[in-house]
Amino acid sequence: MRTTARRAVQAVCVLTTASLLAACGAGKERPSEDGTAVGVTDTTIKVGAHFPLTGPAAPGYSEIPSGHQAFYEYVNDAGGVHGRKIEMVVKDDAYNPTNTSAVTNDMILQDEIFAMVAGLGTPTHRAVVQRLNDDGIPDLFVSSGSLQWGDDPKKSPMTFGWQPDYEIEGKIIGKYVKENMPDAKVGLFLQDDDFGEDGEKGARQFLDSQIVDVQKYTPGGSTDFSPQMSSFKSKGVDLVLGFNTPSYTALSQIAAQGVGFKSKWFYSNVGSDPALVGGLLASMTKGKIPAEQGVKLMDGMMTTEYIPGVDAPEDEWVKLWQKVWDNYSKKGDEKLTNYRIYGMSQAYTFVQALQANGKDLTRESIVETLEKEGGSFEGPGLAPFRFSEDSHMGISGTSVVEIKNGASEPLTPVQVTDIGDAPIEEDDSAASDAPPSSGIPE
Amino acid sequence: MQQFLDTTLGGLVLGAVYAAFALALCLIWRSTRIVNFAQAAMAMVTTYIALSLINADVPYWVAFVAALAAGFGLGALIERVIIRPVEGKAELNAVILTLGLFMVLHGLTAITFGVQHRGFPAPVSTNAIEVGDTSIGITPFGILSIVVVAVVMAGLVVLFRFTDLGLRMRASAFNGEVSRLLGVRVGRMLTLGWALAAAVGAVAGMLIAGGDLVNPSFMDPFVIYGFIAAVLGGLDSPLGSVIGGLILGLSLSYVTGYVGEHLAPLVALGILMVVLLVRPSGLFAAAAARRV
Amino acid sequence: MFAVEELSAAYGPVKALNGVTFTAARGQVTAVLGANGAGKTTLLRTVSGLVRSTAGTVKLNGKDITRTATEKLTSYGLSHVPEGRGVIAELTVTENLRLGGLHRATGSEPMPVGRVFELFPRLGERREATAHMLSGGERQMLVIGRALMARPSVLLLDEPSLGLAPRVVSQIFDLLRGLVQTEELTVVLVEQNARSALSIADHGVVLNLGKVVASAPAAELAADEQLRHAYLGF
Amino acid sequence: MERLRSLLRPVTSVPLARHVLVALIALVVAMAVIGSSSQYLQTRYAEMAYFAIAAGGLTLLTGLSGQLSLGHGALMAVGAYAATLVLERAGGETLADVFLALLTAIAVCAVVGVVVGVPAARLHGPYIAGATLTLAVAVPRLANQWEALGGEQGLQVPVPRASELPAWIQDLIWFFTAVEIDQYSFLAYLGWLLLAITFVALANLSRSRVGRRWRAVRDDDVSAELAGIHLGRARVVAFTVSAMCAGLAGGLMAMNVRLTAPGAFTITLSLTLLAAVVLGGLGSLTGALIGAGVLAFLPHFATDLGESLGFSATQAAEVTPVVYGLVLMLVILLAPAGIVGSLRPLLARISSRTSSLGATKEKTP
């Protein structure tokens, strides 16, 4: 009996202690119920997102939330949206889908967010889409170009894309290559998940016969891509299309040089930021080259562009971002980068949606607003959103550019299309949208 | 054919680095009969120290020497403070202790230096060498890596075979009590063994980091690959460690190049199990069979 | 001269040495005898600091060396030769000998390895062999030779006859006797094989249960039949 | 009190009955705590339950049979994938699907446990550590080999819907807790129920002849062998039982995380499991439970602590592994018996003092 009692007492003690400890850890009050939905009060809106603040995808991408936060501060200081200030919770998932699932759980149950805004990554966000939709939580402007965010609104009614999806990017790149480099032997360098798969799908619409080799990598796996580059080299590849994240652009370049593989390179927009990749390259090569010189290592690479970036300081949008960044960047964050611009551009769209929604904000209403009005939002995007009841796909087009001295020089005008066999058409109409003078969407 | 050659050369460079790492494990095993599962984390710390210096515009080779010195000091410190109490105790204790050390060093580095991926420069070019107009799949940095490992290996051979200090260290490792009776300061020798091993590990870290991105996890694969290379050669034999490293490097390079990178750890596991179950004393150990 | 006074040591609660006192004169062999477990090996280990003494003193040429760190003793001229298995099996014969010469008595001349090979020609023949390949007798020669490399004035020998054939034992004892004379050594010889030990010893000390029960010239002990039967087993 | 004791004697004198009694009491308390917790805490309790099951298996292996496994993360992966594949095909929304999935996970892991356990039984110390560590790295990468396993981005796990549960369960839970069951509380209840069953089974096993054999092997394998214990067999059985626990834990983890991907089964997972059992005390099931509680709740405290020390969020997240590592080192250096082992003499003293009035047994020296 003594052992029995003692063991029972032990077990009970453990449990009680655990629950007590847990109770003090999670002892946050539920938000007041004044608002119309979870995460919304009369004066606040709480949103959240998962980003890779650490891990292999962190270079570049970890800067995106600071863009969001700067723009929300800017809006909040101007009185917020319908009297509500926007608060953003940012959680690190290290680009590991399992972590994404865990931190999303925390954001839903512990932080009680109203909506997920700009959660980043194809493999990562894929892990939580079902969950967010099951629980009826708006999942807006996913920071990824995978098709699954918007191609089936019936399956994922709460989820909306934002940037051009990888399929249309692949299509536009494919068409450009087919028309301008018809003899190129193309190698695909793909992230081994839906990201790479969607890009490949688009590119193959035009380049199926030109693709001679496909090599993949696992984010978080080996960082030595010599074997992949050797394979390209032995297959005689002279143009590589990369659907990969920025650090892998740098690593593939280093590996190519290491095995003496020479080629033209065409990286998807998400992996091509010259400042970031140039900086990484500079730090990895012989001796220490200043980052500015590292940017030169990117010269001649091709990529796509769908929002104006830091290389166009005279653009009205970039001027706005610069102004916001100058006033609202946190200490320690240095200069404005393309990733911060990306974040601010997304934040702009979110504020636009909140404005259009009006004062009565619910999880259903924001979705309805986007479906009804999102297609006509004017913003920094060079092409319009495709939001409607039948599609939750984001920006509908991009231009093809070549990188020179860290800046992009357009090779084509903005080309607009949609997934599937929709035709590719030139359409510059959205490229001339200008921000309102207040900088805050009306 | 070209690809085979490139893969082979890549495997040799990789193998040289595994060899250096296995050598470090072997040194510690010889002196204290402990497998140091924290070796990779220790090398990672010293590499970060070097990176901080390089980013402060210290010349590469000065930073290289600093990493070595830091490794030496770290190894000595760890042996004195943490390992000494478990020397000669149940072997499970030392295993758990070094695993704990691995986690602590990992986390502390992440807190101190941040978890971002950062570029690490190489002292010489990382571009393939060109002969005529074909390029071969080896870079000056790769050649340097092989040379450095060979020099370290030769240095250790000279130390152990031909110097009194080396003789003292070997004697302490093999029979502490008798060595003490002969006047050898055994404790100091064991500390020196760890220090040397950590310095060799630091060299390996520098070679792995060069021309690559580093983050606090960049050495993690070496926890297992270094161990496998060392076991392959028989944990006791420095020469065996080097050959074990080369074999493992080549095998993994072929697997990655022709089958898929994701299978590399599985193949490594297969190699390890075959060696442990079929030839437990390693492929090259002359010593009598040992218990695994 | 080497002297032990009232030396005591214990393993936990078990007293292994209980106030042992004796002296070993220069140029003589002093045999320490007794049955298994009498405390002979403990005596040597306590002198060397491998076992911590609880009381008493050890003096070497008048200098108190009680509780000196084991590593320092060779520099004072005291060499402890462990049992024959005390070769470092992984090192070669030459390496074992070199190791012995690294930490010599302070102020002494280094001894060339060749000198040991002169004393033990058998070792010279096997100089490059790894020690674990040696026979028992060769190992015993090696540990004695290795101890001599340190130029000791006092040599503590632990059971040199253990596990050796009688012929080899007498060979080694003869050598030892010769060394005492040529090198002016003080030898403390711990032996279970009392008959052989007394045959070369000048003086004998008999231990039982950690205490000295007799201390007398070797010839006297060998003649004391009662003592022999009670403690020495012959 | 005396009457109660005599009333209970038939129960308490049989180990199995005693274990069941303890488990029932603990389970009732657990249910009450879970029922009155927020959804967020319920997910933490569910996490604690599956960590405890895995740690229980590991502590049995390491503490009782003296074998170390750093590969339990890999075994959890096997269990998680097995359960996920079953749930995917079965629909995964009913209770029957859930149990089918978990049983499959256990069965598959039993097979894997034998396959791994046979060679592992021949290794010791650093060798088994290195080999199982390699296993922990290698196995999750298999997901990249077969498309059915979903590659790096993993497989989504269908989660049982609370509304699909049999009505009697819904009523039972409502009756006890006055709260409607939802999927969060369901997973927490399920986890604790299975935890209780697992621990009763493990406690019984360790008290049985099998358990005594394991201890004999751990303490002195040579004399155990001389005493006629088949060394290899005893070790393989221990490894298999332990693997089955890991499989069950993996299956539960899949349902809780709702995603099964290789990124979940890192070296760190295996090492934190080790930290849990070392912290609690090798061989102690209570210790495993405490260790699992630490695993489930510490990260949040440690992160908060780190942030209050002025670290950034990403730095603060690293405080947890530092704590685990320190725990491993300090326990080995200062208190090799772990928490429970170190407190045991203290507990024994207290209980012998309090019960000395009525106790008839002599005190143990």
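Just so it is clear, A, B, C and D label the chains in written order, and each chain counts residues from 1 on its own.
Note that contacts are C-beta pairs under 8 Å (C-beta built on N, C-alpha and C of every residue); 3 or more make two chains touch, one makes a residue touch a chain.
This structure is a prediction, so every number in the text was calculated from the model and none was measured.
> Which chain would you call central, comparing Cα centres to the global Cα centre?
B
> Does B-C or A-D have more contacting C-beta pairs?
A-D
> Select the chain at the greatest separation from chain B, using centres from the mean of Cα atoms.
Farthest chain from chain B, going by C-alpha centroids: C.
> State, to the nearest whole Å, the distance from the C-alpha centre of chain A to the C-alpha centre of chain C.
A distance of 79 Å separates the two centres.
> Using mean C-alpha positions as chain centres, tell me how far chain C is from chain D in Å, no decimals.
Centres of chain C and chain D (C-alpha means) sit 57 Å apart.
> On a C-alpha centroid basis, what's the spacing between chain B and chain C, in Å?
From the centre of chain B to the centre of chain C is 43 Å.
> CA centre of chain A versus CA centre of chain D: separation in Å?
So the centroids are 38 Å from each other.
> Would you pick out the residues of chain B that each touch at least 2 other chains?
115, 221, 262, 264 - these are the residues of chain B that touch more than one other chain.
> Among the residues of chain C, which are close enough to touch at least two other chains?
Residues of chain C touching two or more partner chains: there are none.
> For chain A, give me the residues that contact two or more of the other chains.
If we look for residues of chain A contacting two or more partner chains, we find 53-54, 218.
> Strictly by the criterion at the top, what is the full list of touching chain pairs?
Result of the pairwise touch check is A-B, A-D, B-C, B-D.
> Could you pull out which chain B residues touch chain D in their complex?
Touch list, chain B to chain D: 34-35, 37, 82, 85-86, 91-97, 99-108, 110-111, 114-115, 220-221, 223-224, 227-228, 231, 260, 262-266, 268-269, 272-273, 276-277, 291-292.
> Considering the complex alone, what residue numbers of chain B touch chain C?
So the residues of chain B touching chain C come out as 164, 167-168, 170-171, 174-175, 177-186, 287.
> Please output the residues of chain C touching chain B within their complex, sorted ascending.
Per the touch definition, chain C meets chain B at residues 48, 50, 70-75, 79-80, 82, 86-91, 95, 98-100, 102-103, 146, 150.
> Would you tell me which residues of chain D are touching chain A in their complex?
Spelled out, the residues of chain D in touch with chain A are 5, 8-9, 12, 18, 21-22, 25-26, 29-30, 33, 37-41, 43-45, 48, 144, 151-154, 156, 184, 257-259, 261, 263-264, 286, 289-290, 293, 296-297, 300-301, 304, 313-314, 317, 347, 351, 355.
> Enumerate the contact residues on chain A facing chain D in the complex.
Residue list for chain A touching chain D: 1-4, 6-8, 10-12, 14-19, 21-23, 25-26, 53-54, 90-92, 96-102, 105-106, 109-110, 122-123, 126-127, 130-131, 192-194, 218-220.
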